[in-house]
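Next, two complexes with chain A in common: one pairs it with chain B, the other with chain C.
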Partner chain A sequence: MAEFLQFTIDGVTLGAIYGLLALGWVVIFRVSGVLNLAQGSFMVIGSLTVASLANQERWPLVLAILTALFATVMVGVTLDVAILRPARSGGHASSVIITLGVAEILGEASRHLWGADPLQLSGFLSNRAIHVPGGATVTAQQLLVWGTTAVLVGLLWLLFEKTLLGKALAACAQNPDGARIVGIDPKWMRTVAFVLASALAGVAGVLIAPTTPIGWDSGLAFGIVGFIAAVLGGWSYPGAIVGGLLVGLTENYVAGYISSAWKDVATYGVLLLVLLLRPEGLRGLSRTRPQQKAESGTATAIVLPQMGQPQIDGPAEEMPIATREA
Partner chain B sequence: MLVVQQLHVGYGGVEVLHGMDLEIQRGAILALLGPNGAGKTTLARTIAGLVRPVSGRVILDSIDMTRIPAHRRIRHGLVLVPEDKGLFPQLSVTDNLALGCFVRNRHRKHSQFERIFDLFPALATRADQAAGDLSGGQQQMLAIGRALMAEPDFLVLDEPSLGLSPLIIQVIFETIRELATAGMGVLLVEQNAKRALAIADRATVLDRGRVAMSGSAAEVQEDPRVEASYLGSAV
Partner chain C sequence: MRIRKLSGFAVLTVIAIGVSACGTASSSSSTSSSTAKSASTKTPYKIGVIFDTSGPGASLGSAETRGAQLMIDKINASGGVNGHQIDATFADGTSQPDRAVQLAQQMISAGDVAILGPSLAASCEAVRPLIEQAGVTEYCLSGAPFTWSPHFFATDFDPVTNLGTLPAYWMKEHGYTKAACIATSDASGDAYSKSFAATAPKQGVSIVDTEQFQSGATSVATQLTNVRSSGAQAIYGCVSGSNLATIINGMQSLGMNQPVWSGTGAASYAVANLVKNNLPSGGIYSLGTYIVVPNEIPANLPGGAAIKSYVASYKAKYNEAPDELGANAADAVSLISNALGHGATNGSAIATFLQNLHGFQGLNSVYSFSATNHRGTTPPGLVIQFTPQGSFKIVEKLNVAAALGS
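Moving on, here comes the complex of A and B:
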């Protein structure tokens, strides 16, 4: 029982970090239709920046953290403004290829900057364990992860519920043409989404940095885990956190009770099970609006929610013949 | 004045509009009539910037709008109420209206709210409901109300009567007439020709991408060819 409790505590911690990654996937996809495979690379850059600055360069921790967040946001904004925008990316497929390429480039750049050896941030918070009822322990670091995740989720909720900017982001997701009519520039909304997503990834990177060594080549794998969590959560914001927790718990239970060699198999197994049994993800379990439900039938429909394909580049041509006046 | 000059529009190589010319004065309603497939919606969407023309120009108060992206046209006072209403279904009535003045008129948001709720009291009582949960008529009111939040100089309405009850159509058409009388230019795309002609100053009949007839609303209404070809079946 104590063992189970411990796996759960560790799983929730890892899951919260995955949830932050998944939130980044969801915000970019919902606002712009772009699938950002570089999401995990943002996180790795955050981790490596904070670890190298704090440990090797002896920067004050707070300054190292702020620099790491700034660096990830800069990378995210650059990807959007300098690469996706000129590419006039229209559609899931081209965004996948572009961001996959960017993830590879960011990986190689990280190896150049920080070397081939994984880095782990030390001296972040004391690893002194706090004993909890049931025989398990919680570290201050884990409490920090939980608290930070909760605060970020709260801030995101405030943004989307209480601010006009949040409403404009939602408007882009719900009706791209309607958004353009009222004067919302989808190009800049996508940039805002990239700022949010890369900031979330940067925080995830800082949070995971003290817990495990992070290597330059792990960006894509973390990114895919975030994607899986987003799919499990049915591409909703609360679902992203729930999906992240599910993946984190699955990994820890499988690693704890079976073998850590099997944890990736389990994660992808859960993804396959969900795709086969509940293609709409967990969203169907909560309050669902019918028009949001994914249609099964095509490959993208199974993984991605049905939504209009936003036009990013101003007065673009309409889709061919099919959309002609009825 | 909103001017459309020699507008050619096509999708994937198939031309839908073959050189349209239009002029709408401030304070006047131009009814754009014609059968299904004539290109009315295409014209409305091209004026709004959602479709890029192959050639030709859209000019608003002597500013060439043709290359200006859709999201910037509202700043120049040009707003579309699209056929599908363009609402944000999961946002509340209030939020939809608030986004109507996202870029224009924001400082007057609160007085604008009052004005729209006066115009359409049905919206006031449902201010916190999601737009997607409204009835068709209420959604149309919301779509028009959202467009009015920006206080446009020119309003393009694409089939505002579609699927609505005669009573609601009357409310909406009376509102459109009042807005025009107050100085707004209106392009009213309609299949409901009799009702549109009743409030319009001028009318243009579109057929297979070409102007079939153009004149004052009375002339168009009385023209026997128009009556036979376009109005008879569309009422």
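Moving on, here comes the complex of A and C:
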């Protein structure tokens, strides 16, 4: 029982980080159709920036955190405005190739900036074990990860449900041409989506920085796990968090009860099963009306969600990718 | 229009950064004897240096580059080898065997008589057929287990002794009869865990749990939960690099305080700084050399002055303390230049000279090679402990002969 509880606590912590990354994937994809493989690199930049400023440059922690978030957002905005915007109209394949290239460039740039050795932020919250009933332990940093993730999910809900900006983002997700007619510029909404996604990744980077050494080459692996969580979650905002938690828990249970050698096999196996059997992911599991299946025929159609979902957890309206990208 | 201009400016900025980065990389590939060439009219000795300064082996290759460069600069500044400057071409193997092969071909074609590196075992093995065919000496910088061929040499101590026998002997000496090994699921972790599994029972140490994780993983709490349940009295971190910090972080979050034996590949200042705030009360120990504890060098230690000089020069040039990786590379340069200085000026002659070399005092070891031992090293048996200051201290000296004899 103690083992199960421990695996669960650690799985939820890891899953919360994955969930924040997945939220970034979902925000960008739903608003713009871009699959951003550099999402994990944003997180790494956040981690390395805060660790180097706080540990090596001795900046006050709050200032180091704010600077890390600012730097991460600037990288995200630069990717959108300077690289993706001029390259628009290439479709999903184009965005995948471009963002994959950017992830590689950001990795090498990080190595030049921060060196080849990983960095870990010290002096954040205590990493000492707090014993909980059931024989497991939890740390203050883990509690911070859980709490921050919950707060961010709540803020995102408020943004999309209660603000004009959120509704404009949702309008772009549903119908960019229609949004344009009512005066919303989808280009700028996509930039806003990149700001949100990179800020989420930056927060994830700051949260994970005190718990483990982060290296310049960690970005792509984190990004892909975020993608898996987004797919599992059916590309919905709540689904992204649930997907992240599922990935984190699956990794920990498999590593704990079977073997850590099978951890990734299980994660990618679950992804394959979802893509084959339920391409819409977790979305709609609780609904009574049947969900529309994604168009078959291309890998993209299987992996990617149905487009247009203005509500934070509302049902999807079918919109062919070709129309979406026109 | 304004946005387009802004975008164009940003793209140009990115390109400029990229170009400046490329410029940095290419300059490190340039020869290192240019400043001293004018002082000598003799033809320089050409050697190739393939260290992995990007990709997964980047932390190894970066330290090795600094150590080798320092030693080459020192030799050239003191007049070279019998008046010949060392003309070293540095190149990044990118941690990719195919890239290492490509570079080795270029270096062999350019007339290099020896190749230092690559940093990783797979790349070293990929280069081996080329150097054997061309009769060029390769001095691989990986400590992985190898079989020997005429022109192939490698750095570091015998892996079974270093990774298995001595850690198990230390545990036995301290009364730890139940140990757990937590290893990375790669060649490095395999080398540790297999060496330990092969030697621990002979020392009376039983391995009660062996766990694996991917190098670079963010958490090993799950694996450590199993270790905690196994009743292990000591934990062997069968890992290299910052993976040790991941283990130590996990131990702290689970309230585990067993003594940890660290893989030698993790006993660097970079890792010591990562774990200094999270040390378990049982301590973290590893094998080390005097390079990482220069303040504790005995007055009468053979080669002690050279180690102190190297450490001082390294700190002055790079503003950081050196570790064994750089010293291994510096020793490789010294060995090759020693061969050149004794008239072994082609690849096969260098290999023959090295194979018959005995008692050569290097920074990390005294080197004595043979046809069946192309490492030539003997571990000093120094046990170092990680300190809360992010450094090391010597805590004991193992009886290596007794460990190997038992």
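Note that the second predicted complex is superposed on the first by the 296 of 326 C-alpha atoms of A that agree within 3 Å, B and C clash if a C-alpha of one lies under 4 Å from a C-alpha of the other, contacts with A are read in each partner's own complex, and residues count from 1 in each chain.
We adopt the following convention: contacts are C-beta pairs under 8 Å (C-beta built on N, C-alpha and C of every residue); 3 or more make two chains touch, one makes a residue touch a chain.
What you see is a predicted model; the values in this text were computed from it and never measured.
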More residues of chain A are touched by which chain, chain B or chain C? C
Considering only the touch criterion stated at the top, classify A:Asp117 as touching first (chain B), second (chain C), both, or neither. second
Would you sort A:Arg58 into first (chain B), second (chain C), both or neither based on which partner it touches? neither
Would you sort A:Ser259 into first (chain B), second (chain C), both or neither based on which partner it touches? second
Check whether A:Ala221 is in contact with chain B, with chain C, with both or with neither, and answer first, second, both or neither. second
For a test of understanding, state which residues of chain B touch chain A in their complex under the given definition. 11-12, 14, 16, 36-42, 45, 48-52, 67-72, 74-75, 79-80, 82, 85-91, 95, 98-100, 102-104, 132, 146-147, 150
Over in the complex, which chain A residues touch chain C? Could you list them? 3, 6-7, 10-11, 13-14, 17, 78, 81-83, 85-86, 105, 108-109, 111-112, 115-120, 122-123, 127-129, 131, 137, 139, 141-142, 208, 211-218, 221, 251-252, 255-256, 259-261, 263-264
Chain A residues within the chain B interface of the complex: 164, 167-168, 170-171, 174-175, 177-186, 289, 291, 311, 314-321, 323-326
Over in the complex, which chain C residues touch chain A? Could you list them? 3-4, 6-7, 10-11, 14, 17-18, 21, 24, 53-56, 58-59, 61-62, 185, 211-214, 216, 218-223, 225-226, 229, 241-242, 245-246, 249, 252-255, 270, 274, 277-278
